[in-house]
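Structures incoming, each one as C-alpha cells.
Each of the next two complexes has subunit A plus one other chain: subunit B in the first, subunit C in the second.
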Partner chain A sequence: MSTSAAVIETMQRTVGSFRKPPRIRKPLKLDRHRLPIPHVKIVVGETHSCRLREHFHNTLQDDLMYMTYIHENGPRPPPQPVRLTYDPNNPYTKFRHNPPVGGSQLGKKPSPPSSPKNVIQLEKISLHTMSREALSSRSNLLGAIAAFRALSGENPGGGGWESSKGIQIVTGKKTAHKWKIRPGIPVGVTVDLKGPKMYEFLGTLVEFVLPRLREFPGIVLPPESTSMATPSGVSGVVSFGLPPEAMGFFPQIEINQDMYPKLYGMHIHFITNAEGVGAQNRARALVSGFQIPFARK
Partner chain B sequence: MWVRNALSSCRRHPRGPFHPFSRSLATEASTSSPVAPPESSLPQTSHPKTSQRLPITTAIILNRSPLITRTPSLFERAYYAYQARIQRALHNPFPYEFWFKEGSPLETRFRVEDMKRERKAFGKPFGMPATDAEGNVVGPTYEDIGLQEEDEESMPRTHAVDTQGDVKSLDRKGQRNLYLLIKAKSGEEGEEIWKFPEGGLQKGELLHEAAARDLTAVCGPYMDTWIVSRKPIGVYNPPSSSSENSKSFTFFCKAHILAGQVRIDKKHVLDFAWLTKQEMESRLETDYWLGVKDILSDF
Partner chain C sequence: MSSSILTPAKATLSFRVSQVPVRYAGRKPEASGDPKKDLIRRILYPSNLRNKPTPVGTWRPEVGHLLQRAIPSKQAHETIERAWNLHLRHTRWKREAELARKFECMRKAMEELEKIDSKLYMGANKVEDPRVWTAAELEKSSQLRGAEKRAFDWRIRGLFPRELRLPTDTPSRNGWDYQWKPLGESV
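On to the complex of A and B.
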C-alpha cells in the first residue's frame, strides 16, 4: 500500500546533519559570569512528541466531551436581581451590608455551559511534601528538595522558560504550637508541573509506581452519600497522597536511592480546568482516563 | 428544523407510561399518530406485532483507538532534533558522582552512550574519548562496552496486515482511529450498502441500552465494548423519509472496542471492515457520508 510505504520511507529518512555553524567574526559579549550572551533569547522547545498528550487529544477529549455534556435549551436566563434587605437609598440603612438572599452559595456555583471549547483538560500537577525534621533544622529540607528535583526535572527558569518556577519552599503561615510551626519558617517543598513534563510524570506514576505499591486499591473515593456541594466539590481538583515508600518506586529515585537521606511521602494534586457543580466528578473521569485507579471503601 | 423535532421527540412524554428516568436521558418517543414502520434489516431486533414500530433507530460508532503514537513528519523530527541540540548545548554539567558509583559498569556504559549521542548531535570533534595533555586517552572509550553492546531494534511501526490490505484485522493502521462498518442488505430492493451497525428501539428502552443490545445482536457477543455516554453523539435523517408521515431518525452512540473481534451472522450481515475516516467515503452513500463525517475523527 502506498500510504504504509510512505510511512516506512519517512521513518527511514534521517534528519540530515546540520550545516556547519557560521564563522565567528566578532565574539559575543560576556556577562558577569564570563559566559557569552546570545543575540536572541533562547528557549528550549519540545525534544520529542508527548505520548499521553496525544492520547488525550486523540481519544480522551472526544469521550469526555460526550460524557460531560449537559443539554440546555437555549441560552441561560439572566441571573435574578439580588433582593436587597436594606435599602441603600434610605439614609438610615445606607451603609448596611446586604447579605445575598437564598442562603449560602458555597459549592453551588453553576458550571459553565458545555461546549467543545471548554472540554475538561489537565492544567497542572502539583506535588507537595511537608517534612517534620525541617522544623528543627532547615537543612533537613535539602533531601526533599533534591528528591523533588529528580522527580520533576524542574529548574527555576529552566530552558529559558520564565514561567517555570522550579521547586518552591513552603513556609509556615500561622503559629501552631501543636506542630511547632511559626510564621516564616520553612516546613516543606512544592513543585508545579505543566505541559510535557506533567504528562511525563503522570506516565511514570501510572506505569512504575502505582502498580508496585502494596495493597493500593486506588484513590479512595468518599462514600456516595457525601455532599458534593463543598468548595472542593466544585473546584475540579483530584488529590491523593503517596506513602514514603512509593517514592522509591520512581525510576529517577530508584537508581540511586541511597543518595537521599530518607524517602518522603507526598501529596499529588491533579488540577483541571473544570469548575462549577460536579467539577470534581468530571476531574475524576479525566484522571481515570489516564489509568489512575479509583476505589470505594 | 428536523433536528429540533428529533430532539423534542426524544424528550420524555408527559403522559407516557415510563417515568423513572430523568429528563436528560434520551428515551423513546411515544408517538400518538400511526407511523409507517421503517424496514428493519435485522430480525433479531424486530418487535412483537403488538408493539408499535418507532421511527428511531440507534447506530453504534464502534471505535478502535490508536495503538501507537503517530509517526512524526520530517519537519517535526527536524524540529525535535534541533531543540534537542539546543538542550544538549545548554544543559547544566551532568553530576556523574551523584547518579553513579565511581567506576561502576553502569557509569561506563552511560558515559559511552552519551559520547555517542554527543557525536551524533554536534559532529566529529565532539563526543570523542577525553585525552590528557600528552594525548593519552583518559576515561572510557567506545571499546569498553564493545563486547556487551547489542543494538536495540525497535518494533516495526506497520503491522503485517497493513501490507496484505486486510481490512478486518484490528491490528491494521495502529496509529489511526478505526471505525467498524458493516455491509448489509437494505430496503425492499435488497441492495447491499455499507453502514454503521444499527438496530431498532424497543418500547421503554433508553438509547444507550438499545445501542448495547443492537451491537451484540449485529456483531456477536465475542467482544468487550464500552458505550461512552448515555447521550447520542449525532443524528441522521435519511432523505427518503423527509415526507411528514414517514420521518425516521438514526441516533449515533459512540463505543470503544476493548477486546475481542466482530463475528457476524452471514445470514443478515454480509461483511464488515475496520476503516479510517478517509477510507469510508468511497463505501458510504453520499447522504449518509455527509451526515456522519463530522462526528468521526480525522486522524
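On to the complex of A and C.
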C-alpha cells in the first residue's frame, strides 16, 4: 500500500514540475536559402482523428471485403503467354528485355486473388482543370492555381511530407493546331490529395458541394453494353466532373469568392488500389460508401 | 559543395554563394494588369528578398529561435514521434489481424458452401455489376412514378445504399427518426 502511494507521489511530482527550458547556446545553421535547418526532423502530423478515414476503417472496409470477395479453388493456373519470350536457358538471350504486352491485352489482365491485404482503399484524389485562356497568356492560370491551393492546401514538400508535390502545372505534350496546343505551353493545373487532406476534401465535396448542385443525378454509370476492358476500366479509377458553379460551393472559396477572377470547373479522379478486370466496379463500390450518388443510364 | 584539394583557399564560403539569385523580388506590377491577378501573383510567389517577413510566412527572422524554444529536447521530440508511430503501427496490426480473421472465416464458409450446394455457391460467388439493369428491374421501374421510382432506381446492386450517411461529430438537430420506412421494395 505504501509503495503504491509513493509511486503516485513521484508521478505527481514529475508530471507537475518541469525544469526551465535549456538556454539557447548557439543559433541554428542556415541552408543555402538562408532559412534555419531544424535540429530535429519535423513532420506536421494530424491534429484530430479523420472522420471519413474512421468511417472507412469501422464500416466500409469489412463490407467491401465481403462485397468484392471472389472465392477461388486452390492456386491459379499460370497465365497463357500471349507473346513469345526469349529463352531463359540460352546464355545469349537470357538477359534480353522482353517487351511487355499492352494494347487490347491491357484490359484482360485478371485481378489479383482476393486477400485481406488486398481490400480496396482510396489511395489519392486527383483534381485537374484546363483553362483555354491560359493559351493566350500564362498569367491567366494564376486564378486556377490559387483556387486549387485553397481547395487542397497542398504545398510541395509541405509540413515535412516529402511525397506531396503541391500544385502542378499541366503543359501541352503534342501540337494540335485546332486547339492551339503546343508542346511545353502551360494549359492546366492539377493537384494530388493524399491522406487526411484527401478525406477532408471528400467530406467537403459530399456535404457542401454535391447537395447544392442543381440537377446532379450522381455519377452516371455507363451502360452494361460498354466494354470494361479499357484502361480506365482496369485501373480502379472513378472520375467525374464539376461545373464552374460548383467551385463557388466549396467553403474555402465561397468565403472570398470575389478574390478569384473566375470560377473553374474541374475533373475529379478517385484513384484506388484495385487493378485488373472489374477494378472500376470495385472502385465505384468504395466511392459509393462515402455518400457519393451513382445513377444508372 | 565540392572544394578541390588543390585550391584550399576557396574552401570557405564566399559572399556570393549565400545570395540566392532574386528573379522576381523587384518586379514592378504591370500597369494594365488585373489587380486580382497581381494580388494572387504576390500571394503565390512572394518576393524572396529575405530582409522582411512576408504575409505568407516564407521568411521570418525569429524562426530559428522559435524552433529551438518549441522543441528544447531533441531526444524528447524523437521519443514522442516514435511512440506515436508505434501506437499507430499497433492499431494498424490489430485492425489487419481482425480483417484477416474475418477473411479466413468467409473463405472457410465459402469452401463449405461449395461442397454443400454448388448453385448457392455460384450465386454467392457472382460478381455484381452496378451498371446492369435486369429485365425485372426495368419492368418494375417503368411502372413506378415520382419519389418511389427514384428510390427504386437508386437501389443499385454492388454499391452501398444511398441511405448510408457519413458519421458526424454531433447528432442531427431533429434527432433519430424511429418512424422512417424505406420507400417501396427492391426487386
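Throughout what follows, the second predicted complex is superposed on the first by the 244 of 297 C-alpha atoms of A that agree within 3 Å, B and C clash if a C-alpha of one lies under 4 Å from a C-alpha of the other, contacts with A are read in each partner's own complex, and residues count from 1 in each chain.
Keep in mind that, in the parts below, a residue touches a chain if its C-beta (ideal position, glycine included) is under 8 Å from a C-beta of that chain, and two chains touch if they have at least 3 such contacts.
Every value quoted in this text rests on a predicted model; they were computed, and no experiment measured them.
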Look at A:255 in the shared chain and tell me whether it touches subunit B only, subunit C only, both, or neither; answer first, second, both or neither.
first
Going by the contact rule set out at the top, does A:45 touch subunit B (first), subunit C (second), both, or neither?
both
Does subunit A have more residues touched by subunit B or by subunit C?
C
After superposition on the shared chain, which partner residues are touched by A:54: those of subunit B (first), subunit C (second), both, or neither?
both
Looking at A:159 after the superposition, I want to know if it touches subunit B, subunit C, both of them or none. Which is it: first, second, both, neither?
first
Looking at A:95 after the superposition, I want to know if it touches subunit B, subunit C, both of them or none. Which is it: first, second, both, neither?
neither
Which holds for A:69: it touches subunit B only (first), subunit C only (second), both, or neither?
both
Using the superposition on chain A described above, determine whether A:288 touches subunit B (first), subunit C (second), both, or neither.
second
Indicate the residue numbers of subunit A shared between its subunit B interface and its subunit C interface, in ascending order.
42, 45, 51, 54-55, 59, 62-63, 66-67, 69-71, 259
Subunit C - residues contacting subunit A, complex:
17-18, 20, 33-34, 36-37, 39-41, 43-44, 50, 59, 63-65, 67-69, 71-74, 77-78, 81, 84, 95-96, 99-100, 102-103, 106-107, 110-111, 114, 121, 124-125, 127-133, 153-154, 156, 158-160, 162, 164-169
The answer for subunit A against subunit B in the complex is residues 1, 4, 7-8, 10-11, 13, 15, 17-18, 42, 44-49, 51, 54-55, 58-59, 62-63, 66-67, 69-71, 155, 159, 255-256, 259
Seen from subunit B, its contact residues with subunit A in the complex are 24, 65-66, 69-74, 76-87, 90, 92, 98-100, 123, 157-158, 162-163, 165, 177, 228-229, 231, 233, 254, 256, 297, 299
Of all residues in subunit A, which touch subunit C in the complex?
21-22, 24, 27-28, 30, 32-36, 38-43, 45, 51-52, 54-55, 57, 59-63, 65-67, 69-71, 73, 114-117, 119, 139-140, 142-143, 145-146, 149, 203, 206-207, 221-224, 226, 259-261, 278, 281, 284-285, 288-291, 293-297
